[in-house]
Amino acid sequence: MGMNWLAHLAARAEVPVFLAEGEAAPAEYAHLLARMPALRMVDTPRAAAILLVVGTVPKALLPQLHRLHDQLPHPRATILWQSRNDLSGAKRIDSAEDIGTAIKTLHSDLLAGNVESEPDILPDAPPNEWRGVGPHGQGGKGMMGGTPYGRPMAMTAADLRDGLELDTYTADFGPFLPMFPPGLVLKLTLQGDVIQTVAVTHPPFETTEDRGWVLLDLLGLPALAQRKLRGDATGKGSFDRLARLTAARAAIPDGLGRTHDGSDVRARFDHLMSRRDSALNLHLHHTGLDDLLVGLEWHEAMLVLNSFDTASLRTICGNTPEPETDDDADGEDDKKEGGMDHGAHAGHM
Amino acid sequence: MSFPVAFLIMLVFLLFGIALAAILDGVIYRRIAGRPGIPVLMPFYRAAAHLSRQRIETEAPDRLNWFLAIGGYIAVGAVGLAVVPLGPESAVIGIKTSVVLWGACEALVVVLVFLHGWSPNSPLALIGAYRYVAIGLPIMLLSMFVLIAAALPAQSLDLREIVISQEDIWNVIRQPLGLPLFLLLGLSLTLRGPFDYADSTDLAGGTAAEDSGAYRAGWQVARLTMLVGFSAVAATAFLGGYLGPVLPGPVWLALKTLVVMVLVIGLSHLLARMPVARMLGLIWKVLLPIAFVDLLLAGLVALA
Amino acid sequence: MTDIAFYTLSALAIWSGWRVFRVDSMIRATFALMVSFISVAGIALLMSADYIGVATVFMMAVEMMVMALFMVMFMMNPAGLNPMQMVHQYRFSIGAGIVAFIGLSVAVLATNLPHNPLPAGRDTMRDLGIELLGASMLIFETAGVTLLATMLGAVALSSRNGRFGNSEEGALPPGLHPGGTPAGRKVEKGGGHGGHGGHGGHGGHGGHGDHGMKESDKAGDKGDTDAGHMHHHAPAPDEDHQHTPKKEH
Amino acid sequence: MTLTAILIVASALFGIGLFGALSQKSFVMLMMGLELMLNGTLLAAVGFWSFTLAGAPEGQLLAILIMAVMAVELAIGFALVVAVYRKRQADVIEALGTMKQ
Amino acid sequence: MPTLIAIILIFVLSLGFTVALRAGATASVTYPQKRPILGGGDPETHAWQRFHVRYYTMTLLFVAFEMEMMFMYPWAVVFVEEGPKALAEMGMFLTILSVGILYGWREGIFRWE
């Protein structure tokens, strides 16, 4: 009874939706979704009830989609919008008119228990085999060894900026992070919040979506981003006035993300805000993502990434070295071992 | 006013404040986003939706600290509200050094937000936590300076005395630099707008990225509690607190708190966030000298 | 009532103080120490030390925050995912701790302590202010100079971005094999990062634009002399994976 | 709550701090031990101020100075840790003994 | 004493509220759900690591500078009473400390190292 009452209230809330964009998504889908009052796009799958797959996620990125799917809290459901993907239990919608009501209905059904929450796609097992040692069953061999709780510990490497040998964090970021262009998967090595190495695992999808609003969002102006996303209904004059008021342009560091032709994030931001249709002619022949991102901290790097249109970004990704393939993966193991030895030696462990 | 009565008034004030802050947040967001409607009940529906979802824990999280971060953040915001006098001689926490106690709350916020980002063992949350500390620590200096400036004419660190010293003229006029600087601190304490380095969009929600279900609702409540506590302290230190004609003191205090709340929420939506290193430089090189000037001017005015 | 509060807070202070050296996670150790400080602050409040009590919370929260940053930065296994004990001379230390405790306690119990309590209603804040500006003025200003010296010392010791450029910056990555050519690409002059050096002025001359360039040139000059040294002191475990040059920051 | 009780608590804190400072290998943990010893000292100072000095301000000044000592110790200690780590990639005390560069 | 009671009461209530939050939603969490948020990626290692704090020198400067607050609070109470003398002494104190900030600025510690 109590639960019913809560579910009843919850069903009246805006439906929290996490977007997973695929290839060949419907045109202007972000604008369309922004105009639906009953939906709310959230930043993280942890806050979402509905996973909305827009367009088709290519085969290479399906494992990522599955991982993302499983990260949503129960009760959860998936909607495939103009998508050729196949997810068990997911509902298919093709027309743009139905999408708002379909999501809303599905959410109410989920809460009322009419629709079962979707189970995990992946098996319920830790990412790595591990059996704890130690007095409480946690941990592995030695101080840094083993795979405590299913993962190894980070290993040291010299830092780019100040040379301290602290731990690095390597992972594939994307393709379904809201601050990444759709489809882009980067293998990043971070030390602290500064990017040490970049490799492109998967380039962004080809779209012509205008992503100026993302830049506003990244600058901490979600309301203004939403205004831009919702389009001209509210008048361009008032938007420009508000944008000037926020000093968004001044907040971007001068010269950040400068390409060889001299355009920087500020210039590209101006261009995105001015809504001119002509593309900014960028000369990107020798610019790779590693030139642009290495040594930047996270926020700056995200600004740089989102300041390019998709076509330019694809060119840039083409100039970037691929991540190591299988051959090198062995080498990487060596590196881990080496790091471990080194760490153990240094720490008298 | 006896202690239980004062405590009850404070609780009511807090609950209404949280509800009002949540509604205001929605209304102002929609105004700026150009969406119609005033969603009065939406925050409650949203809270219900959070509560009806599962709470996920990450791989080997620091459960104790995760819990303490949320509970502690709420408590610290409420302590901030408790030092505010509701009328002459009737603060819940009537201590001679209430300004310092508020400073302790500010310092603990940095610790708790850091713990919130640390606990889930997740990269984006961790980055948010560390970035927040970089800004959260130095910006406390601003608040300390402007509050000390406000304490000078009162010759006391007691917020009750500070209110009494504003009977002739409010501190917002006597020390014009004080309130703006203090509002910046408020943005940082409540993780909002240009100082939202902890829970920002570029980190998919930062320290809150791994919060789901009830904990997500709890963290939002904590942020709103802090907003209410901060606004009440700002209204007391700079806008004369409970002072005002005709209406009873607590009503005046509530009205002024509301004004500060609107200011904070409005600013948070209308100021762009800059990369963290830039902000760090700005605080030390520009804002801190301004706080010095504020203190100097306040000192000269107090002596004159 | 006061007694209950006192014994509870004392127990909390001692227990959390003990936990500091018993937990695996560095974060928990640091904040256990903070809890110990806060309990002591609570006891101070019980003794009507309004200012010292509250200020202890304020100062210690900040200091433990900074301590936590450094703990995680430099300690292996900072989150205590693997159980650990990094101790030496364990028995001796326990003995020393117990001896210190018993010795001090006996001394306390044996001494006839004078009793001259704080008069009620005394404005201790004002006393302290008058003392600071009057009789103890010299202590106050000396503290200022000491803190200045601390700041200078801490910055000089830990920062390597001196006015002569970075102390080790610009060193080329070590060779793929001993004595070989440096791995990785050459540092680009200017390049995409020219503007990035302007991250927060360097020194009083606020010139941002060309600063990164200047530094990189400087660093480049130092590079040759430093390369050997780098090589010898930091045998990077991942030599053949060092793709990137040290860029100017 | 008597002065004796407070001083005994203070000496317990001091004892634990001493144990930590002596037993920990890591330089950073050693500093935690020192801080805990200073914590005991702080408690004792406030106790004396409250119970035997009739509220003379010097007692409070002493407490403030103890806190200043903590701050100085922390700042210089960590600066040293950074400097040593730069050279040795280690943070344990033994590393300090071999610093001869 | 009343201060302490009020603070403890507030902490008890807040933590109690959070305990209530924990009590809800008891469904068990599976391993795939536990993965950290990376937009679909799977990290190689735990996120907890020797985190490179880019502003560590600033924090040391901050700890030393912040000590000045301990002296400033009592100063504020007697400021009007003591008059220009208080202004002069605190001016001197702050000037001394500001030298430290200027030095730090020149050494570039407010940047991301």
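The first chain written gets the first letter, and so on, giving A, B, C, D and E; residue counts start at 1 in each chain.
Here is the rule we use: contacts are C-beta pairs under 8 Å (C-beta built on N, C-alpha and C of every residue); 3 or more make two chains touch, one makes a residue touch a chain.
Source: prediction; values computed, not measured.
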Set of chains adjacent to chain A and to chain B: C, E
Interface with more contacting C-beta pairs, comparing C-D to B-E: C-D
Core chain by centroid distance, with centroids computed from Cα atoms only: E
Remotest chain, chain D as reference, centres from CA atoms: A
Centre distance in Å when chain A and chain E are each reduced to the mean of their C-alpha atoms: 29
Between chain C and chain E, centroid-to-centroid distance (C-alpha), Å: 13
Chain A and chain C, separation of their C-alpha mean positions in angstrom: 34
Residues within chain D bordering two or more other chains: 25, 64, 67-68, 71-72, 74-75, 78-79, 82, 85-86, 89, 91-92
Per-residue multi-chain contacts in chain C, two or more chains: 2, 46, 50-51, 55, 58-59, 62-63, 66, 69-70, 73-76, 79, 81, 125, 128, 130, 132, 143, 147, 150-151, 154-156, 158, 160-161, 168, 199-201, 234, 249
Contacts with 2+ other chains: residues of chain B: 51-56, 59-60, 95, 97, 100-101, 103, 118, 121, 123, 130, 133, 137, 140, 156-157, 204, 209-210, 213, 276-278, 280-281, 285
Chain A residues within the chain C interface of the complex: 134-136, 138-140, 142-146, 148-149, 153, 155-158, 160-163, 165-166, 196-197, 253-260, 264, 287, 290-292, 294-296, 321, 331-332, 335, 338-339, 341-343, 347, 349
Chain C partner contacts - residues on chain B that touch it in the complex: 60, 62, 64-65, 95-97, 100-101, 103-104, 107-108, 110-111, 114-115, 118, 121, 130, 133, 137, 140, 156-157, 277-278, 280-281, 285
Chain C residues touching chain A - in the complex, by the definition given at the top: 73, 76-77, 81-84, 160-161, 166, 168-169, 188, 191-196, 198-199, 208-209, 234-238, 240-241, 243-244, 246-247, 249
Sites on chain D touched by chain E in the complex: 64, 67-68, 71-72, 74-75, 78-79, 82
Chain B contact footprint on chain E (complex, rising order): 2-3, 6-7, 9-11, 13-15, 17-19, 21-22, 24-25, 27, 29, 33-39, 43, 46-48, 51, 53-55, 58-59, 62, 65-66, 69, 72-73, 76-81, 83-84, 87, 91, 94, 98, 101, 104-105, 110-112
